[in-house]
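Each structure below appears as structure tokens.
Each of the two complexes below includes subunit A, the first together with subunit B, the second together with subunit C.
Our next item is the complex of A and B:
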């Protein structure tokens, strides 16, 4: 019976493995197509159409939306957004590096990891309102300062770029800590001792050995912070003021108040382009493996004739 | 089939133009003196009042089981750990206040600790780059050291592309390029397979001969320690039990632990029955009277252990002719288990009293006097009193 069964399926020889890859990738592919690619294409299309009278679009090709980007307001908001995003990214990485390092070397890793993850249990907007409660004119910090006699009347902490940056750093810090922690956790700490042994100072060992070896984690952390902050909307809306207006707010404004959907789409395209550019830059940095370029160094090498 | 070994042995009469070190056997490096060093981690005492003097240019091994404190001692010399008490000095000057980067000591780490983001060349060049050495000098020096460890052809590879033995040699070159006066080696061969370990050991020994600096070598492998060391310190539970040449350590161990740890051994506890000159008769319950030669014999009536190495015992299937010598010990027993290991066979022989003895017999035709000894065979054991030694009760 057994040989018969084998012969009845001649096309399936031993070692012939069916490739189920596309089948496995199918659901995710469909999901991304429907909910990501299709809307993106809609935005691309809208940005090249004429604006409708009460919102929406008229199906006529137009470059008007892109043309209207060339004005000083848009330029200023873009620079502002870039400045806030970069500052947030740098601050978040600077705070996350020692945190991740400490977590990786601690023997209470799980507990510390929990502490990083706990904020996710609370709604994002509620956490922003908590910051308003802390930084507001009648907030916790001002009450403390007035009681301590440091200031006589409340200090205006909220509704400026600093407030936006602080809350953005707070919001995206876990996204920087987690990838850094996971790469530092895999780092072989005896390399730091080796560096010290070979003549490095404590700081030198960090810069010459630790940082180059956790570069992948740093790049991931940079992307995880920079991309969402560049498109930030809620934080600048709630704790920002006029001069901390960001591109995300601009889009919302055009979409809801001014009802210029093509312009909103065009701004979205700019955000997408900048973040993609950042992504590409970071991947290039990551892909660049350190290699000796000086051919003279391999002077001892002898090639077989 | 063509077989090329994954390693190369540095010829001892090297004709290469390596410009490292001086003449062979020229003593360089530093004297290392360790006085009363103690170290605890929480409730665990890693080192207990350890003292030793390691001489200039010596190949010195710290040997002991894991957890005996040998690596802790090495880390204290390197500067990674601070002792709770005691003094460590190089050529008479204390180094305890110096950070690791300012000590004239370099380490070969157990896991090699090569920098994965740097090429072989840059790994070895690392200490020179720190000192902003001019490029031409770096190239020449690194070239020399890569040649010393026979890795010139692999300069541009990344550490991940190297075999274990090659990584090991990069680690050695990198540790030597600073021209330290002491090289610390922390179980450097433990990650290699047995055959490669032998070859690396020979290489390390020949590098030591060329460079001539002090080597302090940590290992738990007694064979490694015995074969390359000038002197060995045997450690256990944070204490130094004995310091001596490999011969001294093996032939006259100071304690039962040293005897048991270095090589295999038979040890019987007994009471000294009589002493005649250097000939000591010991009553061992079960075995009867055993003769041992001892230069400093203990008093009759004191407790002592008789120690005899398995390879010193002769094993026969027939009762040997009555000895003309009076210093031979005889025992009878039956083979409980023969363990064949190529060059020799180890026999576990059970004496009628139930005491088990280990005997090792080399295989060579000239010594094959009797038929092959097998399981359950009745055998006769004999050894000279000179080949055994006594350990005081401890």
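Our next item is the complex of A and C:
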């Protein structure tokens, strides 16, 4: 990568070269300002306004939307959302770590990578539908269990928190496997041997050498899974029930059915705040790993010819 | 590579996970050839394919809408994103940090927030929900992906190629057309393809910004699922999976072809 001083030359250089930066980046900047940032600011503003009679808002300042968040229903849905998204994140990481490790040490990396990516090619809704076809009352699993004589009548697998978590893990697992794979792949495995030679147990080597060194990958994977699952909407809508209602469903309900737009905006603010908080927390964790980063860097340099 | 000890656990987890990832796809494919409407096996049949291709006209309307949106939003996002990446990568200017931030934020926002804010925004400026609003929404979430992919490609190149072209007397326009764009083609093509895929795939954002008569394929599948399990969705899924595999293989070969040139 060229150093900054070299890059800035067009703006300082001879008069015939103009700075075309704004001309190039302007259209993208304007588009995203109008169709991404402005809408976000609109919902921030709406969350502080009074609710209109038939949807919409009245232009009067009000904290009513935030005040109405203080009730047991909202707390229950929030806790539920947090519980499901944390469980999904932890499960996805626990599954993805050994998978990424196996892929990184395999000699058929491209093939294994394709295996992980192929399910990605199937439409998101169709993947959810497939789980309904498997877990539903008239689904594949019940048909199998009834034929095998394990149960007499269909078991209700769907419409609960477990079903929502399973489908969310299914949907976001590749998002955890891919960043973990790419960081483990760059890891210098001779460090593990060194740890073993110095008397570390195999488990010790994994926990004290491998995991600290792939911290950046773990953090990326956590964010890639946690952020979309905390704002999940389609999965709890289709495979969840009343008890697995999540904040995303709450927003949609307030927006389209109850038509309380300030409340929908306020809940959206809560979702944004929590995901931003997660992001901040993870970046702080990443910053706090000096002793873990150094061996990786020196390992990488030593390997380079 | 040398044989690694202690890989048994991770190998087991990996293959179990692959089973987990592929089970739903296998079930869909197998049951799309089932003659019975339920999930019990009634014998091989192509009846659901026949129904999909001959009777379900709405699927094809939805598919057409999806294609129109995907190609148009990917094209606009690719143009804006590529230019933006060129500007940010090779120049220093006042709003550079701002452009980078606003192109990064959509990637870390939950989809529902983007969908809800756009719906409220469109209602605020009294824009009728339809294909146009879906197009705008898709362009917005596609743009950052193209931007990042082209940026990653440009990062591999030295600024000296631009200097060389200027020293040899090229104007800015000539430099753009004859130097910058050709070197970024692989990034642009993969950005465009990613954008098309993301657009065809999107349900949540589209759900909020669509209006009557602007049903896309995912929205149509959603309405079918709401009516209960229908084997027509199985056959549709298989057609979609086959189509995606075909397009991905073609795209990979195309990218390889470009790389060789």
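Just so we're on the same page, the second predicted complex is superposed on the first by the 257 of 305 C-alpha atoms of A that agree within 3 Å, B and C clash if a C-alpha of one lies under 4 Å from a C-alpha of the other, contacts with A are read in each partner's own complex, and residues count from 1 in each chain.
Note that in this section a contact is a pair of C-beta atoms (placed from the backbone, for glycine too) under 8 Å apart; a residue touches a chain by one contact, two chains touch by 3 or more.
What you see is a predicted model, and the numbers here were worked out from it, not measured in a lab.
Visitor: Using the touch definition from the top, say if A:42 reaches subunit B (first), subunit C (second), both or neither.
Guide: The answer is second: A:42 touches subunit C but not subunit B.
Visitor: Could you look at A:33 and tell me whether it touches subunit B, subunit C, both or neither (first, second, both, neither)?
Guide: second
Visitor: Using the touch criterion from the header, give the chain among subunit B and subunit C with more contacted residues in subunit A.
Guide: Counted on subunit A, the partner with more touching residues turns out to be C.
Visitor: Should A:261 be classified as contacting the first partner (subunit B), the second (subunit C), both, or neither?
Guide: After superposing on A, A:261 lies in contact with subunit C but is clear of subunit B.
Visitor: Can A:191 be said to touch subunit B (first), subunit C (second), both, or neither?
Guide: After superposing on A, A:191 lies in contact with subunit B but is clear of subunit C.
Visitor: Have a look at where A:201 lands relative to subunit B and subunit C in the superposition and call it first, second, both or neither.
Guide: So A:201 only meets subunit B here.
Visitor: Contacts for A:170 in the overlay, against subunit B (first) and subunit C (second): which applies, first, second, both or neither?
Guide: Touch status of A:170: second partner only.
Visitor: Touching subunit B in one complex and subunit C in the other: list those residues of subunit A.
Guide: Shared contact residues on subunit A (touching subunit B in one complex, subunit C in the other): 202.
Visitor: In their shared complex, at which residues does subunit C touch subunit A?
Guide: 1, 4, 6-7, 9-11, 13-14, 17-18, 20-25, 27-28, 31, 38-40, 79-81, 83-84, 86-96, 98-99, 102-103, 105-106, 108-114, 116-121, 123-124, 136-137, 139-140, 143-144, 147, 155, 158-160, 163, 166, 172, 200-204, 207-208, 217-218, 221-222, 225, 229, 233-234, 236-237, 240-241, 244-245, 248
Visitor: In the complex of these two chains, what residues of subunit B are touching subunit A?
Guide: Touching subunit A: residues 78-80, 99-101, 105-107, 109, 111, 113-119, 121-122, 126-127, 130-131, 139, 142-143, 146-147, 152-153, 155-156, 158, 174-175, 178 of subunit B.
Visitor: Sort out for me which residues of subunit A touch subunit B in the complex.
Guide: Spelled out, the residues of subunit A in touch with subunit B are 188, 190-191, 193-202, 204, 208-209, 212-213, 215, 289-292, 296-302.
Visitor: Which part of subunit A faces subunit C closely enough to touch in the complex?
Guide: The touching residues are 1-2, 4, 6-11, 17-29, 31-33, 35-40, 42-43, 46, 55-56, 95, 98-99, 101-103, 105, 107, 112, 115-116, 118-119, 121-134, 136, 138-140, 142-143, 147, 170, 173-174, 177, 189, 202, 223, 227-228, 230-234, 238, 248, 251-252, 255, 261, 264-265, 268, 271-272, 275, 279.
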